[in-house]
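Presented below is the structure to which this report refers.
The letters A, B, C and D name the chains in turn, as written, and every chain counts its residues from 1.
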Amino acid sequence: MPINKIVDSFDEAVADIEDGATIMIGGFGIVAGAPSLLLEALGRKGSKDLTMVSNVTGFGKDVWSQLGFKFAEDPDILVRNGQIKKAIATAPVSTIYQNNFERLLRAGKVELETVSQGTLAERIRMAKAGIGGMYVSVGVGTVVEEGKETKIIDGKKYILELPLKADFALIKAHKGDRWGNLVYRRTSRTFNAVMAGAATVTIAEVEEIVELGELDADAIHTPGIYVDRVVVRPQVIEAEEIEYSAEVKESYQKYMDRKGN
Amino acid sequence: MQEKATLDRQTIALRVAKEFQDGDVVNLGIGLPGLACNFVPAGREVLFHAEIGVLGFGEMTAPGEGDFELVNAGGQTVHEQPGMSCFDHAEAFVMIRGGHVDISVMGAFQVSEKGDLANYMVPAREIGVIGGAMDLASGTKKLIIAMNHTTKDGQPRILKQLAYPVTALNCVNLIVTDIAVIEVTDRGLVLKEVAPGWTPEEVQGLTEPKLIIDPDCHDIELM
Amino acid sequence: MQEKATLDRQTIALRVAKEFQDGDVVNLGIGLPGLACNFVPAGREVLFHAEIGVLGFGEMTAPGEGDFELVNAGGQTVHEQPGMSCFDHAEAFVMIRGGHVDISVMGAFQVSEKGDLANYMVPAREIGVIGGAMDLASGTKKLIIAMNHTTKDGQPRILKQLAYPVTALNCVNLIVTDIAVIEVTDRGLVLKEVAPGWTPEEVQGLTEPKLIIDPDCHDIELM
Amino acid sequence: MPINKIVDSFDEAVADIEDGATIMIGGFGIVAGAPSLLLEALGRKGSKDLTMVSNVTGFGKDVWSQLGFKFAEDPDILVRNGQIKKAIATAPVSTIYQNNFERLLRAGKVELETVSQGTLAERIRMAKAGIGGMYVSVGVGTVVEEGKETKIIDGKKYILELPLKADFALIKAHKGDRWGNLVYRRTSRTFNAVMAGAATVTIAEVEEIVELGELDADAIHTPGIYVDRVVVRPQVIEAEEIEYSAEVKESYQKYMDRKGN
């Protein structure tokens, strides 16, 4: 029987994400690389006590929609829904305004482990690659070193970093096929390609499904071996009208000012 | 002793290929195991993986045809098929070491009753060819060994303990030989199938450890 | 105290960009450093790197234009240019940690006279944003800090010892501020350039550690 | 001034490889993926006491030319020229016939470190990635474990493996541009892409040089940051006539028999 990893709906794709699961969320920070519709579906499902591994904890749909994004959910949806128990991230808060994660963190309602970005990427890759641990010098002499084993190799001090595995990885790609082969566009590859295969179940949200064989063998970024489910974004999405709060408007203005262009 | 008919290389490969289920990712070793890509049961979709950096290739090409930039682990040219992907050597072993490969098929010098494997060096030779065998033996979910049941001079290759240097411990799941199919289980080695014309007792006679004869033990079926 | 004219953000970025030589791979941090991609000296070919996974992008796009799947570390859209390559996040940090990036430009809260850097957390805030700063600070060959010389209330940011949590030790090579250009050397901090209208003594007055005034110290040149 | 990593000749490309250097050689085993003309040039230069990091130690031009290869040098050229002091490889000898490396090894004229293949790839990547060491379970209980540190992590035994860096990496790619961006074809990517950037100087032999911008940003396999020199194969090469020894003919026949197709 032909292999078919394509599932029909976003709700079906996340149906088995239970309370207490550890989930990786692809993307970097900008919503263009985030699995927005998978996050929206997981929001609807309402699974609680999740541990979330992602670069950022999210800015929120209202911020993004001001910037003109239609598919505008980022990890913030799980935070503001109260679905997160713990976040493992490199940039958990914003330097411009107080995001929902910071609010919950200050209220003692979520836990946080902050990781350096390159180490986060490599810890995820270790899980995918079956590596038991690795030594990096990044973070020596900083807070990152605290509580970790260190070792001198060739006269240089290193920190032992351990693999980071998840139950589910939610990622976003440009195109996918029924074997789960994926390609990404430009800077949306980022953590999406790293996380593919680092979880027991990897679920990819794609913009387009193509026939098997349409993706050139040399140009496939994520071979299907790492992908369990593929779900496609609808061509047309009803755009909700959003009421912007004064705070969001102010944050947006600060963001635009800071961009400097 | 071995005057009876035994399975030839192609037939052993054919029997091995019966193990492949829909969607399995299967790595095939050099030599006999490599032949198994030609015998996927009809209607099944199996993804062949080679450590050189390719997933989802098809059958071998005819001799003299094919592209030498599309080869299996043995350097033999294979057909491209839709869905195939190529990657570098580190990624190929991320797949292997990371447990993403379902089945690995390789040859062996010796297998122990605990499923220990020796296939990288004959002691007399002193120089080993480790290749990717250690990674594959310790990383894949199911390891199938395809080999002749005995050495050329009739000595058992399935032993209580390995006499040759270890490739990996406790890794073999199934042994397909020219006269039998044997499963490695926690209870010991279970004889599941024998070559046509062979009895379980005759197979036992060429095997060092005690075999558990499966109540359902039958002739090797190829179709 | 700071009633004299100081360099604005664009001008600091312009001065930073003068450091970029032909063929340099340069990572630009979020905010002010990101602007430097707009000021590459004419005729030079510089490869900009962003940890999101891109090498060799061009200037920023006009506001409201551009492709949000082609952005820098700050999420700002940039122009594609011939030779650009994209990759994943692990690869982006193989480049950084592995020492393949020539220059990194980032902001800072504080820099010590030994070149220690604090830029991930204001202690009062208690929650840090480490991002890629630690990797970049410890992995790139030359680290340039672009920042205002003092805090909003006129306190020095260039200190004998860091008061804020450390990002990385002994990593800063050059500091470009709104009033000065200072090199971190084994001998100490060397004042190389001052903003037009400023004297070395005035810069020293806003700097905690003792500055070595370069005999050739001159006004900041932008062209 | 425009960046230009293209050098005019193979001899120029290898001119600074001095005696005693450690060199990585790309490819897997089959000569199609090997940097044949760089190896030939290094053979002409004659640098001695080299440490060679490669998957195999080579089969030799005569074996390959029987199989119809025109650019037929593999690492064997350095071995048979007596340029190698030590080899680090996964398959140092042939199981079919005695290659030149085996002959020299048995004569005590070369040293050997045998490495498991996935570990070799990852040790090379560590050098490129600035990682100080990593723990793998591959090789536990085998000869590979001897003399190495081990560690129990999460109840499982691992071996500490260290990075493997070189002075030069000689690799082969399909296309390259003046920034050093490379693409490979099919199964020739293999160790070539892994070694790019793991040496102080990476030299790429390509079949074709293309204009900057011809390679799509999403399809580049090796970004130019890892590559120092690019040299192109000539379109036409004078094919030497080769006399095959009886031994080579016999090896070739054994090889063809074993292939089984």
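Operating definition for what follows: a residue touches a chain if its C-beta (ideal position, glycine included) is under 8 Å from a C-beta of that chain, and two chains touch if they have at least 3 such contacts.
Remember, it's a predicted structure, so these values are computed and weren't measured experimentally.
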{"item": "Longest centre-to-centre distance from chain C, chain (CA-based)", "value": "B"}
{"item": "Distance from chain D to chain B - Cα centre to Cα centre, in angstrom", "value": "28"}
{"item": "Chain A and chain B: spacing of chain centres that average the CA atoms, whole Å", "value": "39"}
{"item": "Between chain B and chain C, centroid-to-centroid distance (C-alpha), Å", "value": "57"}
{"item": "Residue list for chain A, restricted to those that touch at least two other chains", "value": "122, 125, 129-131, 136-137, 184-186, 189, 217-218, 221"}
{"item": "Overlap residues in chain C, where contacts from two or more other chains coincide", "value": "54, 80, 86-87, 93, 97, 139"}
{"item": "Chain contact graph, described as a line, ring, star, complete graph or other shape", "value": "other"}
{"item": "Touching pairs - complete list by chain label", "value": "A-B, A-C, A-D, B-D, C-D"}
{"item": "Chain D-touching residues of chain C, taken from the complex the two chains share", "value": "22-23, 25, 43-45, 47, 49, 54-56, 80-87, 91, 93-95, 97-101, 139"}
{"item": "Chain C contact footprint on chain A (complex, rising order)", "value": "28-33, 55, 69, 90-93, 95, 102, 105, 112, 114-119, 121-122, 124-125, 136-144, 184-194, 221, 256, 258-261"}
{"item": "Of all residues in chain A, those that touch chain D in their complex", "value": "122, 126, 129-137, 151, 153-154, 156, 158, 162, 183-186, 189, 217-219, 221"}
{"item": "Chain D residues within the chain C interface of the complex", "value": "1-3, 125, 127-131, 177-179, 181, 197, 211-213, 215, 217-218, 220, 223-226"}
{"item": "List of chain C residues in touch with chain A within their complex", "value": "9-10, 31-32, 34-35, 50-54, 60-63, 67-71, 74-76, 80, 86-90, 92-93, 96-97, 127-135, 138-139, 165-169"}
